[in-house]
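Some structures are shown below for you to check.
Shared between the two complexes below is chain A, which has chain B as its partner in the first and chain C in the second.
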Partner chain A sequence: MPLQSILVSLSRRVALGVVVLWFTVTLTFAFLQIVPGDPAALLFGGDEIPTEEQLEEVRRDWGLERPVHEQYLLYIERLVHGDLGRSYQQRTEVATLLYSGVWSTVILAVAGLVLAVVISVPLATLTAGSSTLLRRFAFVFELVTISMPSFWIGIILILVFSFTLNWFPIVALDNPLSLVLPAATIALGLVGQLSQVMRESIERALKEPFILTARSRGLSDGSVRWGHALKHSYIPAATITGTFAGNVLTGVVVTETVFGRPGLGTITVAAITTHDIPLVLGVVIVSAAFFVLVNILVDLSYGLVDKRIGSSV
Partner chain B sequence: MAKKKFIVSALAGILVLGGIGVAAPRHAAAEPVSGGEITYGTQTDPVNWNPHQNNQANAFLYLRNIFDTLLEKTENGDFVPSLAESYSVSDDGTVYTFRLRDGVTFHDGEKLDAAAVKLNLDKANETPYSIYAFPNYDSATVVDDRTVEVRLKKPDASFLDSIAYIGWGIISPKSLTEHLNDLPSGGQNLAGTGPFRISSYQKGAQVVLESFDDYNWAPETKAHQGKAYLDKVTYRFLAEPSSRVGALPAQVDVIEGISALDVSKFKDRDGFVYLSNDANGDTFKLSLNAFLSPLDDVRVRQALRDGFDLDALVKSLYRGEIRRAWSHTSPVSPFYDKSLEGAWGNNVENANKLLDEAGWTERDSEGFRVKDGKRLSVRVLYPTQLDREQRSTLLQGISQQLKQNIGLEFIVDLTPSSTYLKEVASGAVHIYPSTWLHSDVRKSLNGLSNGGALATDNKADPSIQPLKDLAAEALATSDNAQRIKIFHELQRKAVIDDVTYIPLLVQAYQIAASNKVNGLGFINQIGSPEGVYDVWVAK
Partner chain C sequence: MSLLRARESAIAPASAVPAAIAEVENLNISFPAGGEGRHVVRDVSFTLHPGRVLAFVGESGSGKSVTARALLGLVGDNAQVRHERLRILDHDYSNATQVDWRRIRGAGIGYVLQDALTSLDPLKTVGFEVGETVLEHRLKTKREIRSHVVDILGRVGIPDGERRYDEYPHQLSGGLRQRALIAAGIAAAPRILIADEPTTALDVSIQVQVLRLLKQSQEKGLAILLITHDLTVASTFADEILVFRQGEVVERGTAGDVLSRPRHAYTKALLQAIPGQQTRGKRLSPLPPLDLVRLRPPSASGGDGGDILEVRNLTKTFHSSTRHPRVAVDHVSFSLEYGRTLGIVGESGSGKSTVARIILGFEHADSGEVLIDGKPWSALPETKRRPRRHLVQLISQDPLGSFDPRHTVLRLLGDALGTLPAYRNTAKRDARSYELLELVGLERLHALRRPRELSGGQRQRVAIARALAVEPRLLVADEAVSALDVSIQAQILDVLRDIQKQLGLSILFISHDLGVVQHISDSVVVMKAGRVVEHGDVNAIFSSPKEPYTRELLNARHSLSHFRPAPVDAI
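Take a look at the complex of A and B:
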């Protein structure tokens, strides 16, 4: 694939991403205008009535006394400079607060995704196109994990493996084993869909003529599955994993809360319960940016997996 | 005069120690051991670490380890020396002189002197920086290195409450001048004089405190002197109640915040200590808007108060772990009016009679009372973020009983609303359930004297002026007996005569721990869990 066409498609996707982001930002701004009541009090947040001095501070920061279009431009200008505003409840920059949770969340999300892939790939590959007992077991397992809310999965995992069997601590965060159960909670939320999608693609591939050719060359069933058919499930699997990674915040909100782990999820919950609107808006904008970024990466990865796709997407 | 006060309070201190012994009799005989560490599972990651800016009662257990106040409040409401070794009040009640203890240092090596205290008092009274500004604070003056004089605009009995409140915790002058903007997010720049210093803080996860070895100025309300017994304490924030309960005792040594359903796992069980304590301040209660129809008729308010069986509801919901309330004020407050107990409530017959008299005689198809074509209906606005301990279930239970017993429609409006206080202030809400968790005399009095106006300062209605005058008198007087008398009068008016408050629950705090942990307790002033200065772990 020529470099030029990669660059063209990349810049097209980035431009699209910027439009999505601009749309999100505009929506958050519109939200502030639409919600009834004084926007300064809304932005200040908390459970108590703010004083006039406190409201004055908010109005200054957000330019609330100016006409709406000027407020909008000020808002965009601040965001372009990476200024997500200030949390009046925590009296700290929103960007600082979010940054303090990013790494913990990224580690948890990556661990969860890796674990999901490690479980799904063998599960799908071994059970595709067969009707063994393992297949039936896989079917039940997938159905159960898909139907159970991850909140519930988390609580059961804690109860069994931490509080009863005492295998994995959840309190001692400096112990690496404390990552196992939260990562498993994230992974189990994905495994069902991921392995079903992969199995379907593998089964379709197993019916293709090139598999027959491979078998006629005397390849074993194992190498046919692992060496040839599996590759065909990469694209749908990447799409699902990408969507999931984009939605990672939804997953970690629940998981981090149940396990009491630091991160963006915990920050989001705290922001919502204390009505910390600038922080909530910051979370919305950052997760939108993250979603856009992941989608670009997933799109690009198609080209790497399957050379035929290239720039035509 | 100051000296005499301290003899009285020394006795009070002994009483307090006796109280702790009663709470955990198994350990009374054991000798405290120094050294070791504990992990403490807690509900709250503080929104703000600066004591001048934090209003979360559940965060005070951390702050009380890190900061001291000039005075300390005892269980029976006296004030005893802490960072101030003595104080005196001028005859007109407007000038307080504090003599500071010698040799106190902050965690960052700064020295506690009059200038540091003046800086703190000025900051704590500066808005919008501080949320604990005192309305009658005028100024602080450095008299000499160890003496500070505070001038009030007028005499005010609630001043010492502020002095002893953790909201006026004394912060290192270096923290206040060089790191002011970093203080909300915690960390090592936040230096106090308390028995523990912050070793590390990870937002959303935990804070680790280590013993401050120089600490040698514990107030007499504490069980020991010198540095803390523990070397280190890790407070792990576990917001999910089932996680806290399950983690004890294998992964944490102490937890706080235990729901009524989980209490039986620890209470009277081998290997555990369970402590619970009534909150000081106000009770959880319904505030009634006496200026909005149909509640502008006192007979309707009284019928509402007496139209349901609170005892039965509370018993079935909380299994005896949480008590019903009889007054606007907590039963552990020194101002509590005990004579209200049994004086009101659950009188359905009389409630129906009152509503008949008030003209609500017809019924509509759903069985609700009607007058002039209007249904007898009130709206209760309850923001979801304040809903805990099954309180909305309690409100629903009340609603059901009121419908059956007296044909009153009690709509529980559970809205996740950021503007609910505004809605309340606008005067369009009938009932607003609320609690104040502090023992600040001023706020209690403000609430008690609002005559059913709901919001704190929106009504200039002449009818409530006598109440306001009484409250002002209670704040200004230096005669505590007189203050108690006024408090009783206001409580009786609010609950019995005017029915502007319907008390529901006495708030309570709970601690459970492995039984090797000793010396746990609660903060006298507000009743929430105390820091861990006196805590020790049996070997």
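Take a look at the complex of A and C:
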């Protein structure tokens, strides 16, 4: 793909992403307008009734005494400058709060995704189109991981590998080994679907004439699978992984709660239980931005792997 | 069997033929896993010799491809292969292991499949695919591979190999792609080349180029096993021919013998089924004509000498955001009289299918007009056209794609009939459907089958029945017989002719196959790059073409059928 068409398709996707984000932001703003009652009290949150000074502070921050369209413009302007507002419950900037949790979550999510890919790729490649014992094991394994909720997987992992076998700690956060079980919990949420989709694509590729051609050149079964067929599963695999990754920032809520890890998940839970609306809105906007970003990257990668997909997509 | 073997030695005296480099004796292949234990190849014996071409001829499912694959040990995991002798390149492969097979694949025997678009990995570069065999057998190092591959690409007539090396199959034209596939087949300098339908699905001019290329390799001492359904290609290119039918060799001999003095009834039928000048006005298949008189619509007046179809100055340009706009149809005009057949010929990309889509109202022309029955058609909005839509019906190359796979044949026909007021009643509809099936030569039991349970020929008959159901005046047959075996093609061409003669229908017959068009058409339109190059009576055009392009097309076809005497010059 020539550089020019890469730039054209990139800018088209970025523009589309900006529109999606603008929609999300507008919806969050509309939410504030629609909910009945005093928006200042809503934004302040918490269980106690705020004082008049506290409400006055909220009104000043959000320009609540001004007409709606001015409030909207103020909201957009703040966001464009990266200002996600203040959490009145925690008396801190929302951006600061999110930043404090985001790294722990990103590390967990990346570790989980990498683990999922590392398990799924060989599992799908080795078992595609075969009827070995491994294939039967893979079938059961995938079905189990797909049907089990992630909190249950997490609890089982803790019981088996931490409490009983004592292999991995879960509370010592400075120990990198404590990442293993939560990452595995995330990974197992994706592995079943990912390897099934990949296997299906690989099996379809294995039936194509070009595989017969490759075999007729003297390639071993392994070379045919890894060298030719595997690449044909990239697009569906990337689509699924991309969707999963796009949702992972909020998807870690359960895992972080089960393992008691600080991060965006625990922050979100706390924000919801204390009715900390500015913080909730911040999580929504950051997740949406992340989702858009991941999808742009996934879309671009299609064209790099399959040159038949030009800038037309 | 012994008789055949005796004959083989008689036609190929040991003095004239170099020693065999592959010997197969009494090969049997079956697939026991397939339920009743399908026996797909029975007692087949043959030998391959350096510098000679052996052709396997037969229709799909006759066992010719699977026989060839036995030479590579690529029959399939669940296949049972038995033979009395399997010697390739001085080695016995009777009890070969996977490692033995892998050693001979590519390096000893090259394998070229049909349709390079699917036979080359679309996600790999041409250079990778061609070099893969060489690297796998460690004949060159990674550092040497590029120059070696570029050299091979040059040898198969791909100019600018340096650039092509990094391109992907979809970026190459059909002809170059097929050459690249052949380049991959011969890259490791094998002594045997298996070419499985190497020219099928290619335009005739490219077929000639590909066959010349194979011929050159043969002259350099390569033993070639050519697998084809095309008797013309086989008879002109091969030294010896084996005719396959249902897994058995029914006839074998030199190319000249098989073609001019066929002994087996099946070979005779195959030869008679080939359409062309000599078959005009004759039946191609041994089946009796259909009796369609009952189907004749009472209103089939069809003014004599009038035109059912008139195409005036059609132009259509396709725009794309990434590529230059492409003029698919460029000021095309022609007309078709009642009860006649007009053939449109042209190579792929000539715009013939786009013209068909505009005539069918699936596509809008940028300018120009289509008249049906003398009245406006393409200019009408769809709602106005719908009451007359039944007048024009399509028979496509792939009827399977045009049927809902879950519906029975009865339902497929019923749905078509349901658009006519006379068949709102279910009982009437069913009765008519059975009648239609009978008329196109199918039986009542086919009515409850689903499309996938029918053979290719039966499906095409259903497609024709469905088209006839709505009482059309014009059939548009777009490559309607291109995907069929020659004997089935013969039957369908006969059906189309019966329909035309007995119902007075007009047919617009679009095909890349000049022989088929010559057989069935009254007049011909030759298209190239969206333009009409030549237009006129079929005999006039085929016997004395005026335009250079038409001559070029006919020459290419001519050299296909007279391949051997033609001088083989460098490409």
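Assume the second predicted complex is superposed on the first by the 312 of 313 C-alpha atoms of A that agree within 3 Å, B and C clash if a C-alpha of one lies under 4 Å from a C-alpha of the other, contacts with A are read in each partner's own complex, and residues count from 1 in each chain.
By our rule, contacts are C-beta pairs under 8 Å (C-beta built on N, C-alpha and C of every residue); 3 or more make two chains touch, one makes a residue touch a chain.
Predicted model, so just to flag it, every value in this text is computed and none were measured.
**Q** Based on the shared chain A superposition, would you classify chain B and chain C as clashing or fitting together?
**A** After superposition on chain A, which the two structures share, chain B sits beside chain C with no clash.
**Q** Which chain makes contact with more of the residues of chain A, chain B or else chain C?
**A** After superposing on chain A, more of chain A is contacted by B.
**Q** Between chain B (first) and chain C (second), which does A:257 come into contact with in this model arrangement: first, second, both, or neither?
**A** first
**Q** Taking the superposition on A as described, I'd like to know which of chain B and chain C A:92 touches: first, second, both or neither.
**A** Only chain B is touched by A:92; chain C is not.
**Q** I'd like to know which partner A:219 touches here: chain B for first, chain C for second, both or neither.
**A** second
**Q** Regarding the shared-chain residue A:266, is it in contact with chain B (first), chain C (second), both, or neither?
**A** Only chain B; A:266 stays clear of chain C.
**Q** So, does A:184 touch the first partner chain B, the second partner chain C, both, or neither?
**A** neither
**Q** Of the partners chain B and chain C, which touch A:285 in the superposed model: first, second, both, neither?
**A** The answer is neither, since A:285 touches no partner chain.
**Q** Put chain A at the vertex: what angle do the Cα centres of chain B and chain C make there, to the nearest 10 degrees?
**A** Computed from the C-alpha centres, it is 160 degrees.
**Q** Return first, second, both or neither, reflecting whether A:159 touches chain B, chain C, both chains, or no partner chain.
**A** So A:159 only meets chain B here.
**Q** Please provide the least distance in Å between a C-alpha atom of chain B and a C-alpha atom of chain C in the combined superposition.
**A** 46
**Q** Within the complex, which stretch of chain A touches chain C?
**A** Residues 5, 208-210, 212-220, 223, 228, 231-232, 305-308, 310-312 of chain A touch chain C in their complex.
**Q** What residues of chain B sit close enough to touch chain A in their complex?
**A** 39, 41, 45, 47-48, 50, 53, 55, 127-128, 181, 184-185, 202-206, 236-240, 242-243, 246-247, 250-252, 383, 385-386, 418-419, 421-422, 425
**Q** What residues of chain A sit close enough to touch chain B in their complex?
**A** 35-38, 41-42, 45, 47-49, 51, 53-54, 57, 89-92, 96-97, 100-101, 104, 155, 158-159, 162-163, 166, 169-173, 256-263, 266-267, 269-270, 273-275, 277
**Q** Residue numbers of chain C touching chain A in their complex, please.
**A** Touch residues, chain C against chain A: 72, 74, 98, 102-107, 109-111, 113, 115, 118-124, 132-133, 136-137, 168, 170-171, 181, 184, 188, 320-322.
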